[in-house]
Amino acid sequence: MFSITVRDHVMVAHSFRGEVFGPAQRLHGATFVVDARFKRTDLDADNIVVDIGLATSELGTVLAALNYRNLDEVPEFEGVNTSTEFLAKHIADRLAERVHAGALGEGAKGLSAIEVTLHESHVAWASYERAL
Amino acid sequence: MFSITVRDHVMVAHSFRGEVFGPAQRLHGATFVVDARFKRTDLDADNIVVDIGLATSELGTVLAALNYRNLDEVPEFEGVNTSTEFLAKHIADRLAERVHAGALGEGAKGLSAIEVTLHESHVAWASYERAL
Amino acid sequence: MFSITVRDHVMVAHSFRGEVFGPAQRLHGATFVVDARFKRTDLDADNIVVDIGLATSELGTVLAALNYRNLDEVPEFEGVNTSTEFLAKHIADRLAERVHAGALGEGAKGLSAIEVTLHESHVAWASYERAL
Amino acid sequence: MFSITVRDHVMVAHSFRGEVFGPAQRLHGATFVVDARFKRTDLDADNIVVDIGLATSELGTVLAALNYRNLDEVPEFEGVNTSTEFLAKHIADRLAERVHAGALGEGAKGLSAIEVTLHESHVAWASYERAL
Amino acid sequence: MFSITVRDHVMVAHSFRGEVFGPAQRLHGATFVVDARFKRTDLDADNIVVDIGLATSELGTVLAALNYRNLDEVPEFEGVNTSTEFLAKHIADRLAERVHAGALGEGAKGLSAIEVTLHESHVAWASYERAL
Amino acid sequence: MFSITVRDHVMVAHSFRGEVFGPAQRLHGATFVVDARFKRTDLDADNIVVDIGLATSELGTVLAALNYRNLDEVPEFEGVNTSTEFLAKHIADRLAERVHAGALGEGAKGLSAIEVTLHESHVAWASYERAL
């Protein structure tokens, strides 16, 4: 199994609902350093997993929709706890849509899975992996 | 599949028995930077994998039993090579017990696996993963 | 010249005023991984720069006053752009006050300078250094 | 499942053929920070995954055959795009041969898989995993 | 003293002349992860050291002139050992020219120094610092 | 001002004397990831700060005298708290002796300073800088 991973980041504000979140129920924020990992069984005709330039720019596009925002005010997330693990899935799902739409190139149709990891600090991170 | 990971560290002395260990047969020590990763298929009702505060404090409790100790003198490890990979399993097993005892909250009962990674330097680390 | 550095982190929301900040004029957030470096010419009687336990707990206390907050609503920061570099100075100044108040121990009176670095992502950080 | 990972690096020149590579079609170079991960179900009689000293020296031997070279001039790679993901497989395959030849010790015959990760920068890396 | 640092990277091929370089006399390559640090005594009217967006884009422009190139064939470097430390100075000097030309904004005229660090692997890096 | 830095590591056991050290008064251990930074005003005739191969091997030699040892039993350290900051000075002083003895080459006589940093965990490190 092969994979390539590209890294970018996003800076957001949000708050959580639920006693389990303690002081994080207050409006606060986070930098998420985001790793998007693309997996496949065999390399394509160019000997690569996916065009790393497109992978990077598509990750950037997905993150731009979140960047410098207060997630509490994004209609799509109304009533949702935008936890690190939830956001990992959100980003992976958006990337999967881009793959299926052909935005990562024809070769990307051979991808088998995407794993997205969000680092919220030097001591905590969350991941979500899904099939394509 | 979702996961969250929390990081802490522990500083111990120990020695190894066996020619394979070379100079590490002498009493020496290590800082282990410890990553505990908790996995599950679906998020809980709060949209999280596990309460990250409890995960962090339980990892701290497990490490406190080892921290600033000479492992050669810990009765539980008598006659055992406390290798990095062995300690990864030891810590994962203690965390699994805490999960089963309810110390990570009711939601943690939905966890499917734990992976523990111990970084012994910038050029070497070891992991152990087990089901819950 | 000797130094020791301890690391912690803080998660805040804030917004900026001024065209130079572009989309960061919107309410957003950041995780700041914070390094506090304490400098002195000679070691103290215990052969250390400062009690690392106290340095860590005092840094934690200073950060707790900011953690999980919207800095736009903190009276002390009214009308202020809470940039990464400004916050580095804010934290260094609070630590300096703690040193002068004796909170880092008697030995800490031999400290000559503090440098605080805030990492806002994997590609950007800011520092402020001041004498004691 | 247990694993240990050792890290080394290699510095090479190369060029790519294919429009997808853009400016990387020109002769350029890369430092690859290389992580070799060895996996097995149970520990050996010494309580380890594999002799970490041998793992490190064998990784060094495999990398030495590539280090400080222009891969475009290595006969083995003639007509091949030596992409990061391709090189991850190349290194994993060479390590697998060394395991099968007994170079990592008798205990290494219990290894079940090797995963090799090549970091080409702080924002991109590639992996290949294979059974043993 | 305040500073901000931004990070980018560049991938080049080159060779060295001189016995001291050993196998690095052969054509090989490197990824340099590049940190550009801008220093000044006081913050500007926006409470910042320099516009981080401009700092990042100017660093990118300076690196683009080197990226994906064989430095042995760049006329400017003819007969020069393009060592990591030399390249750190080259990049710092180009950034200083950009500051003086006003490319980092009017506020950047208050900068007092630039330090450029090039990481050539996980175990080696070089820096150059100059006044502005 | 130019500098180059090389990284290695050392694993030791030791204990501390003094109430300030709390549980670290017990025999424990540490991995120190060690950065040795060499500074000079101008590059030498080869366009470098110092031969990086010699810098790396001399750092290795200095660390080998400590590696896999219980520092409490090293005669040179009898009655001494081998704190991280003390060890940074010890290593810097040994490297300075090697420079003066010519072990880093003739060119190294142009070096002006050495800074040694010891990382004891992901959240704490200490440095010592001295002139040459």
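By letter and in written order, the chains are A, B, C, D, E and F; residue numbering begins at 1 in each of them.
Quick note on the criterion: a contact is a pair of C-beta atoms (placed from the backbone, for glycine too) under 8 Å apart; a residue touches a chain by one contact, two chains touch by 3 or more.
Just so we're clear, the structure is a prediction, and the values are computed from it rather than from any experiment.
Peer 1: From subunit C, which chain is the farthest off, judged by mean CA positions?
Peer 2: Looking at centroid distances, D is the chain farthest away.
Peer 1: Between copies subunit B and subunit E, what's the superposition rotation on C-alpha atoms, in steps of 5 degrees?
Peer 2: It works out to 180 degrees.
Peer 1: Roughly how far is subunit E from subunit F, going centre to centre by Cα mean, in whole Å?
Peer 2: Measuring from centre to centre gives 27 Å for this pair.
Peer 1: Using Cα averages as centroids, what's the distance between subunit B and subunit C in whole Å?
Peer 2: For subunit B versus subunit C, the centre distance works out to 31 Å.
Peer 1: Distance between subunit A and subunit F based on Cα centroids, please, to the nearest Å.
Peer 2: Distance between chain centres, rounded to whole Å: 41 Å.
Peer 1: Do you know which subunit E residues sit against two or more other chains?
Peer 2: 7, 122-123
Peer 1: Can you list the subunit C residues touching subunit A in their complex?
Peer 2: Checking each residue of subunit C against subunit A gives 7, 9, 11-14, 23-24, 26-33, 67-70, 120-123.
Peer 1: Which positions of subunit C touch subunit F when the two form their complex?
Peer 2: 1-8, 43, 46-49, 51-53, 56, 105, 107
Peer 1: Quick one: which bits of subunit C touch subunit E in the complex? Just the residue numbers, please.
Peer 2: Within the complex, subunit C touches subunit E at residues 18, 20-22, 80-86, 88-89, 122-129.
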